[in-house]
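Labels run A, B and C following the written order; every chain starts at residue 1.
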Amino acid sequence: MSALLELEHLSVTFETPQGPVHAVQDVSLTIEGGSIVGLVGESGCGKSTLGRAILRLLPENATVAGSVRFAGRDVLALSPKEIRDLRGRNLAMIFQDPMTRLNPLMRIRDHFIETIRAHNPAVKSGQALERAKKVLADVRVPSDRLGMYPHELSGGMRQRVMIALCLLFKPALLIADEPTTALDVILEAQILQLLQSIMHEYSMSVLLITHNLGLVAEFSDRVAVMYAGRIAEEGATPPLFREPRHPYTQGLLRSVIDLETTSLYSVPGEPPSLLGETAGCPFYPRCDKRMAVCETVYPEPRLVGEDHRKVACHLY
Amino acid sequence: MAGWFARGRTSLVGRLIGTFLGQSRTIAGILVWIGLGVVLTILVLALLAPFIAPFDPNTKVASPELPPGGAFLMGTDRGGQDVLSRIIWGSRVPLAIIAVSTTISLALGLPLGLVSGFAGGRMDRGILLVMDSIYAFPGLLLAIAIAAVIGRGILNISFAIAVVYIPTYFRVIRNHVTSVKQEPYVEAAVALGMPRRRVIGRYILPNVAQSIPVIFSVNAADAVLTEAGLAVLGLGLPPGIPDWGFDISLNWQRFDVSWWATFFPGLFILILTTALTFVGEGLNDILNPLLRKREYKAGAQA
Amino acid sequence: MPGSTASLRAYVITRVILMVPMLVLLLTFTFIILRVAPGDPVSTIYGERGNPQVIDRIKTELGLYDPLYVQFFRYLRDVFTGNMGTSILTQRPVIDEITSRMPATIELTFSSMLVASVLGIGLGTFAGTRRDRLPDFATRLYGALAYNIPIFWFGLILKLIFAVWLGWLPVSGRFSPRLSPPPTVTGLYTIDSLLAGNLPAFVDAVAHLVLPSLTLGIVLSGFFVRITRVNVIHAMGSDYVEAARARGIPERSVFFRHGLKNALVPVITTMGLTFALLFSGAILTETVFSFEGMGRFVFLAISYRDYPAIQGAVVYYGILMVVISLGIDILNAFVDPRIRY
């Protein structure tokens, strides 16, 4: 399959009164058609910013450098009208907290009509509702919910509605930013299984942004581990989990509870500030395998081993 | 990296200092500085009135209604008194009213808000009802009623104004307390059996204190305007005390002839109240960055 | 909306019932302030030199020598039976005084609110969508100045410029003496002149309203600018606005349907509070423009300790507040489905 989304040297910087914040630095990542890519990292590592940068949803104080190519088009060069047309039609996004993502003053029905008409003004509201019912059935939401207001739905229902709103135009890529973090464990499994089955039905790729390693291990084909705005390690899921190379990935995997020893490991220290310029490896202060070179020289990611793994570490 | 605002429990003074060091070049910081500068200038005018004012404010020094110019920079009023001198002396009244009335409002509103917010339940609802009734009533009318009953004088007028603004302090503090009360560290302290008074003193008061400067500066401006309104209606201070609002009431009937005698006192009221609002708005932006948080959050952890 | 009419009705009834204790409280407060404090109306009016026997007789007639609680219950009974007594100052029934002045206040209140909300919401939206840029600062400055301007002084300036110097608008009053006022139907000159088909009278009534309502409206717009700006910023930064953009909704719809509409909900809520500001400002505005409305009446009544008149005015304001806050609540429930349940 060809590359659906290609990020090359993507960087995002926020201007703040305290100075520039480098939320994403020099990230290159490829998503193939029909695959699920997991993007994991601690909160504050820049993973959500990366997701928004792809859709150009960042606030005005953000500057984006590098390139985003979606289905061969340069997303960063699109006109406002073109990017608007892309959003929701070819590229869709769902968010962490479904409770606040629907307009509280609008019925569910109107969210659908509005979205369909935004891309296809000629559609009558009757036709739009028929389409809404179809996608709602696909995400297993009874169609009587259409007449309700968001506050009348549960969190799981709202996230399903959000997903249905994304499916209206059968997008090629869905960016799911912590889609289940606000939901309980049972709902989490349901929503992810739903996503997985829909993905096949709609032949759609998913960029799953999460801090939950378990989800990534279970659902994604490839994984990118992000640390302090950069990608530390990236590769196919099974080998990466079997044999993590980057010391940060190793630490992360160790911090998942080991059922045999029931001891809980955590990576010592805290993630660095993204404020201002940094030299060297961002993980250096917390790394248990650090070397002198790590403090001054940033390790460019390179291919390691046979499984096309990219690792940004001086050890390799 | 989220900066000073993320540290929830630093002391107010520490925050203010940190803020001015970090924020003095942002808009909010500049607003605070301009506002403080103007207020301090007026304070200096008030304190040094005997030395600065060119004439005695209560003496006829020239013919009435002389236009601005010459020895009388702002002209003379109907009584032949120097408008500028009266303005300089008159700056004492609003400042005194601010000091006294906000102290009274705070002294009553703060404990009521603390108790009401912390106790909750029936008592909270009772106090809330009383406060809301006062709040819903037109403030100037209430002040007129009280002033009409207790008579003239700085203390009396300040008291009348103070009553009007107790609910504002009460509201803000009560709402702040109810939200702070649910913070885990406060719940923990209560669960561990710490006496109420100490919980309020140790955990709640320091948190709530940060909203006081903001209410203060907003209320100070309102107090000045209310005093001016009372004075214009003839319910202000006894004659003989120069006061901006009183001067307007003396001269406004002749506004079309000698506009300066009314215009300048009013202008000074506007300058003082706007400066106070600048301080309040700036402090609010700095201490209550709720609105700003989002952006920084995006920059900080997205 | 299934079931919502019933819940809306229940909601309205609850709100009305809740207003009764507030009204009683207000009445009690007025009673205490006016009766317990030193000074009485009869002495205030007749002065120290009045005949003590006459003063005594009038005081007995008014029941001022009865025990306080008797006075209090009589006062409550009168209020609830609509018997507001006779104004000591004007010797006319209080209810007549109020009904003759109410239309002026209603006209002034309504037109000022119109000026304030159009200016305030317009400018606040303008500023909120251009956050931290020059138009935003200019508008915020306008808001601060408008809110802080001494209203009496501002009215004088407008009057001097537009009525005295330029002569575009009348200096004071509600209606030109040279025209005959329209037959009274509602008491509102603007409405009555239209009902009578008397266009010159309508123009004259509106012309008299322009300056007072601009004065009051501009001052009040300072409040609206602030609150609208904050809420527009808040709504435009909300999660559902981001989600709408992510769905490819055109920016125009994002702004009107998601941003502005949601921003106006809290603006409506606070509108109720601005009426307190409005009535305070009305007293001063009515004084500048000799606009004989309720504000002037209450002020005079308080100054002369005209108890029956004050009572009547308090009841009037109390009822007005009840009606306004009820109206605002219903409007809110109508706009925001979350409140209805």
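Just so we're on the same page, a residue touches a chain if its C-beta (ideal position, glycine included) is under 8 Å from a C-beta of that chain, and two chains touch if they have at least 3 such contacts.
Please read these numbers as outputs of a predicted model, since none were measured by experiment.
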- Task: Among all other chains, pick the one whose mean CA position is farthest from the mean CA position of subunit C.
- Result: A
- What are the two chains with the most C-beta pairs touching? B-C
- Distance from the mean Cα position of subunit C to that of subunit A, given in whole angstrom: 52
- Query: Which whole number of Å gives the spacing of the CA centres of subunit A and subunit B?
  - Reply: 49
- Round to the nearest whole Å and give the separation of the Cα centres of subunit B and subunit C. 24
- Item | In subunit B, residues with contacts to at least two other chains | 294-295
- Query: Okay, in this complex, where on subunit A does subunit C touch?
  - Reply: 55, 57, 80, 84-89, 92-93, 95, 97, 100-106, 114-115, 118-119, 149, 151, 162, 165-166
- Spell out the residues on subunit C that touch subunit B in their complex, using ranges where they run on. 21-22, 25-26, 29-30, 33-34, 37-39, 132, 137, 140, 144-145, 147-154, 156-157, 159-160, 164, 230, 233-234, 237, 272-273, 276-281, 283-284, 287-288, 298-299, 302-303, 305, 310, 317, 321, 325
- Query: Touching subunit A in the complex: which residues of subunit C?
  - Reply: 238-240, 242-251, 253, 257-258, 261-262, 265, 335-338
- Query: So in the complex, which bits of subunit B are touching subunit C?
  - Reply: 27, 129-130, 132-141, 144-146, 148-150, 221, 225, 228-229, 232-235, 245, 248, 252, 255-256, 259, 262-263, 265-266, 269-270, 273-274, 276-278, 281, 291, 294-295
